[in-house]
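Next, two complexes with subunit A in common: one pairs it with subunit B, the other with subunit C.
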Partner chain A sequence: MNLSQRHLGLILIAPGLMLVAALFLYPLCFSLISAFSKDGAFTLEWFAKAFELYSTDIVFTVVIVLASCALTGLAAIVIAGTLTLGENRYIVGTLKAIYRWPLFIPFIVAAQCMRTFLAKNGLMNNTFVSMGLMEPLQAMSFLDWRGIIATFVWKQTPFVALLLAGALASIDRATLEAGRNLGASRPRVLFELALPQVMPTLMVALVLSFVTMLSVLSVPMMVSGSQPTMLTVDMAFRINAYGDYATANALGVITYLISAGAAILYLKRGLSEGAPR
Partner chain B sequence: MPTDLPNGPQSGASIAVRDLHVAYGGTRVLHGVNIDFTPGSFTALLGSSGCGKTTLLRALSGFVPVESGSIIVGGQDVAGLPPEKRGMAMVFQSYALWPHMTVLQNIGYGLKLRGKSKAEIAAKVSQMLSFLGLAGYEDRKVTALSGGQRQRVALGRALAIDPGILLLDEPLSNLDAKIRMVMRHEIRAIQQRLGLTAVHVTHDREEAMTMADRLVIMQAGRIAQIGTPEEVYDRPATAFVANFMGAENILPLRVARSETGATLTTGDATAQVATGAGAAQALPAGEAVAYFRDDVARLDASDAAAGEDLLVPGRIAARAYPGGVYRYRVEAAGRQITVDDADRHELGTTIGLRIPLQRLHIFPASEAGIAA
Partner chain C sequence: MRILTIACSLAALMAASPLAAQTLNVASAGDQNMVDYVKDYLGPMFEKAHPGVKVVSVGTGAGDSGSQKILEKLDAQKSAGASDFDVVVIHQKAAGQMVKDGLLDKYTANVATAKLATGEATRNALGTDVSGYVIPMFQSQTALAYNADMVKSPPSTFAELADWAKKNPKQFGYNGIKGGMSGVSFVAGWVYAFGGDADKLMKGPYDAATKANWDKAFADLKEFNKVATITPGNAGTLDMLNRGEIAIGPVWVDMFYSWQADGKLPPNMKLKLVSPGMPGQPMYYAVAGKSAQKKLAEEFIALATSPQVQADGIVKKFNWYPGIDAANLEGKLDKAAWDKLFTDVTPADLAKNGKVFPIAPYFNDILEGYEKKVSN
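== the complex of A and B ==
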């Protein structure tokens, strides 16, 4: 490639590069600097403050997101498995038609739906009461950590199921038939023969879901107002209530590190999958 | 084949298919198939694409739901059972090995499902691998094997569960020609040694003829003919079977019956079939079509004596040399005929196309219409 072509290439990617720089790299650097400095000098004061005030919320966030990922994965496996190995075409057809709907609903709307569904006098409890399954006095609110997990799982399952069902549809169907031919039940075929072949796709979908859930503000804010809560709410609170950008940025860096952990796990797995055997 | 399986031979199971109807959506694919597979037999289902041969095999294995009819295996109707309850082992066209498992895990999976211990599985897989000439391959990833080795592993996986019935779904079509020849003999030898009932789907005529002891020719969801390779090849029951089994040259004929026999007329040529020959009675009267293979006709002088053969005048239109013999395209009786002949003739030469009468497969013109 000669010099003019190289320049041309750079010019072509320049708009994209500048957008990334302006909208991502600059705020990232700014946050990092702000999180580690005070009056122009290096400090870990903001991190100390963040841990002092919000260490419970850090653990809470990680546990919520991990639990949501696990349940999302499980629900997606059931849906994608039914779509791939289901034999009742009415069930498969209905599931295929409706399972993607939550994908098109924004988190904030999903959170509002869950509020009306999971509240003490919400749709779920009212339905149970009217069906005679429980007494009105037994009704309790699920608008806490359970509500957050329920919303995340409901919202992210279609995304993971979509990727998983696509991957399952692309594997050689004969490999699944071979299992049944040898005597394996459909659940065994799914867990022992089909899923191991699409594990990389499931991992990608779950890592992406993990990062998405980590960054959602509306759901923890609307579904669970009480403490403990997720780091996004804490960051918003530091900024809105105190104008404390430094601590908010320190919490942001901690969030980066948590999502980087997921990314490293994913990359490590990707490398070992791709390595020659 | 290096060593024998210590626990063989075993006996195959019988299969009786009765009035089997199968449909995909609204489209009927099998129209009332009746067929028996005797224990230890090797049957090839043969036919062109879309004839229903693979559907019949998949109906046997349980992957295609049966609309009506029964599949009786060892006295029990399995038509309503799911694939895992049928006790038939299948070898797939794509081998269908599990890429995330080793050779040991692939072959041992069926045994694991049957609750065998790890030691039992390892011992059986080791036996199976030495039986298949793959001793010591237990810990290899199947993705690191060649096509022929994968095919052996697929066969080993099917055989490891000691099935009474082995279903083969075009298992050799992804192999190169040389390995395919070897595997034909190996599969046949294994089937005979273990006494399995084998059902083999293929569209390769030669493969079916060399492996099977019985051919089932299928056409449009029905069985066109069942017989030994010799019967089907030499005495095709229908124009379709004749055409499918390689008699691709077609001559329009007129058959006139008389007391002394029958007279065949095509273009300017005539031939007599005597009553005593036996064939005359079987001939259809009136308009007919004769099918014959490239290698049964010879080129002769146009004025040669016909004798007991049909001598059709024609002109050489094209010539090729595929090796050993010359292959000619001859225009005769208004048709293009392909003929193999040892001698070299020039293009445009007028010749006599000599066809022995007993090598002609003659069917009524009305039936022949559906053959091509």
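== the complex of A and C ==
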């Protein structure tokens, strides 16, 4: 590559770089500085405050997001597995037609739907009651941590399933058919032959879901009451109620650290195995 | 060539239009109904009276966060030539801060209707002197809404409510402090009731040591929360009341009446303002200090606070209590509309148990105390 081409390359990526710098690096530095300083001097005061007030919420957030990831993974495996190995073409066709729908629904709309669907006297329980599956007195509200997890799983499953189904479709079918010919059941083929080959894709999809779910404000705000709640709600509250950016930024840094754990996994997978990025 | 002509004339049109018409930008903090109030009701009325003026209504979001956004925008434009907003509709907490920061115009002397509003709220916004800078748009009040079929004799004090909740677990619901102001108001009322000197919290002076007296109140509230339902937001409380999932919950009176009028709440729901009282708050009309249209802004506010508009728009259409003194509305409003507003919560109740929010530093202490001792 000669010099002018190199310059040309730099010029071509400059807008992108500038966007990253202006919209990500600058705010990142700004929030880091704000989280660690008071009147220009270094301090950990804001972190102390964040832990004092929100330690429960930090644990709650991590647990919610991890649980949602695990359930999303399971649901996606079932869907992608059915799409790849299913033999009833009506089931496969129907599933194929509808499983992507939640992808096109924004989190806030999903949250609004779940809010009336999962309530104690909401659509779901009322349906069960009218079908005679449940007594009205047994009805309970799911508008708490379970509601958040349900919304996250519902919203993220198609994304993970989409990537996973793509990966499953591209592996060599001969191995799967060999397994079937030798008498292995379909679940066994899925878990012992197919899945190990697409593990990197599954991991990457789950890591991306993890980071997405960590950053959603509308779902915990709308679906569940505020005690305990997720860090995004606490950050919004710090700013809206107190105008306190320092503690909000400290909470932000804690969120960065949590997602950095996931990002390391992602980069490792991405770089070493050449999985889709 | 034709495209070029069209493009040129379009560009010329766009460049010329600001000269031809004046634009008055009205920024409202608050729910969508407040934006609609300006957009669909006040704006057209003002445009009719002022040909060539266009009123643009923008919303900055519900609750204190909406006011915070206006504050930040005005603050960022402090050194600029003119601000984007002319008239701002803001909450008390932000109003005090904006007056302190010099972001607002001292305008009420130029508006005749300012004399019609004489309440405490025209001078004092959570401990900050705001006289001259604001005229209340409306007063709003929180109260307990209850389902009269499920609760035959509703509790009339906070202490009775705590007992009632113990006997009827999960039947009382409120939205904590992060889901909107009706929950915040309930918590403030709780501290007024059990935290000692409520008057000092509302009037000051601020003493940082006071919050130590609230430990017992917060410990009790933590216990109380175990038998209460935490609902998702102001509307969440109303939703759950509507579906019969809770029997009592704190709500904004105006939201309650609007929902009932829309058929979103059963007719057997009633309101009760328990003693020693729950807070309410006004929204304020103010003029941005850097507004380029101060005169127009003042005329807009004069219209908005005129008795007829307050009667038709604020009381009748939106079920808010008027921002100007109620006596000025006499004759402008039919009796039915007036009575409807005061069916459950009488003017006497309102005078006795309608409180203000604590002054800003105590307010923050209460919220943070709740986060520290109740929710974590």
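One rule holds in what follows: the second predicted complex is superposed on the first by the 259 of 277 C-alpha atoms of A that agree within 3 Å, B and C clash if a C-alpha of one lies under 4 Å from a C-alpha of the other, contacts with A are read in each partner's own complex, and residues count from 1 in each chain.
Assume a residue touches a chain if its C-beta (ideal position, glycine included) is under 8 Å from a C-beta of that chain, and two chains touch if they have at least 3 such contacts.
This one's a predicted model, so the numbers in the text were calculated from it and none came from an experiment.
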Which chain, subunit B or subunit C, is in touch with more residues of subunit A? C
Tell me the contact category for A:Gly122 with respect to subunit B and subunit C: first, second, both or neither. second
Who does A:Phe159 touch here: subunit B (first), subunit C (second), both, or neither? neither
Tell me the contact category for A:Asp234 with respect to subunit B and subunit C: first, second, both or neither. second
Answer with first, second, both or neither: which of subunit B and subunit C does A:Ala184 touch in the superposed model? first
Taking the superposition on A as described, I'd like to know which of subunit B and subunit C A:Trp46 touches: first, second, both or neither. neither
Subunit C partner contacts - residues on subunit A that touch it in the complex: 52-57, 115-116, 119-122, 141, 143-144, 221-229, 233-234, 236-237, 239-243
Tell me, which parts of subunit C touch subunit A in their complex? 63-65, 68, 71, 97, 175-179, 183, 225, 229-233, 236, 239-240, 243-245, 364, 367-368, 371-372, 374-376
Can you name the residues of subunit B that touch subunit A in the complex? 61-63, 82-85, 88-90, 92-100, 109-110, 113-114, 141, 143-144, 157-158, 161
In the complex, the residues of subunit A that touch subunit B are 172, 174-175, 177-185, 188, 192-193, 196-197, 277
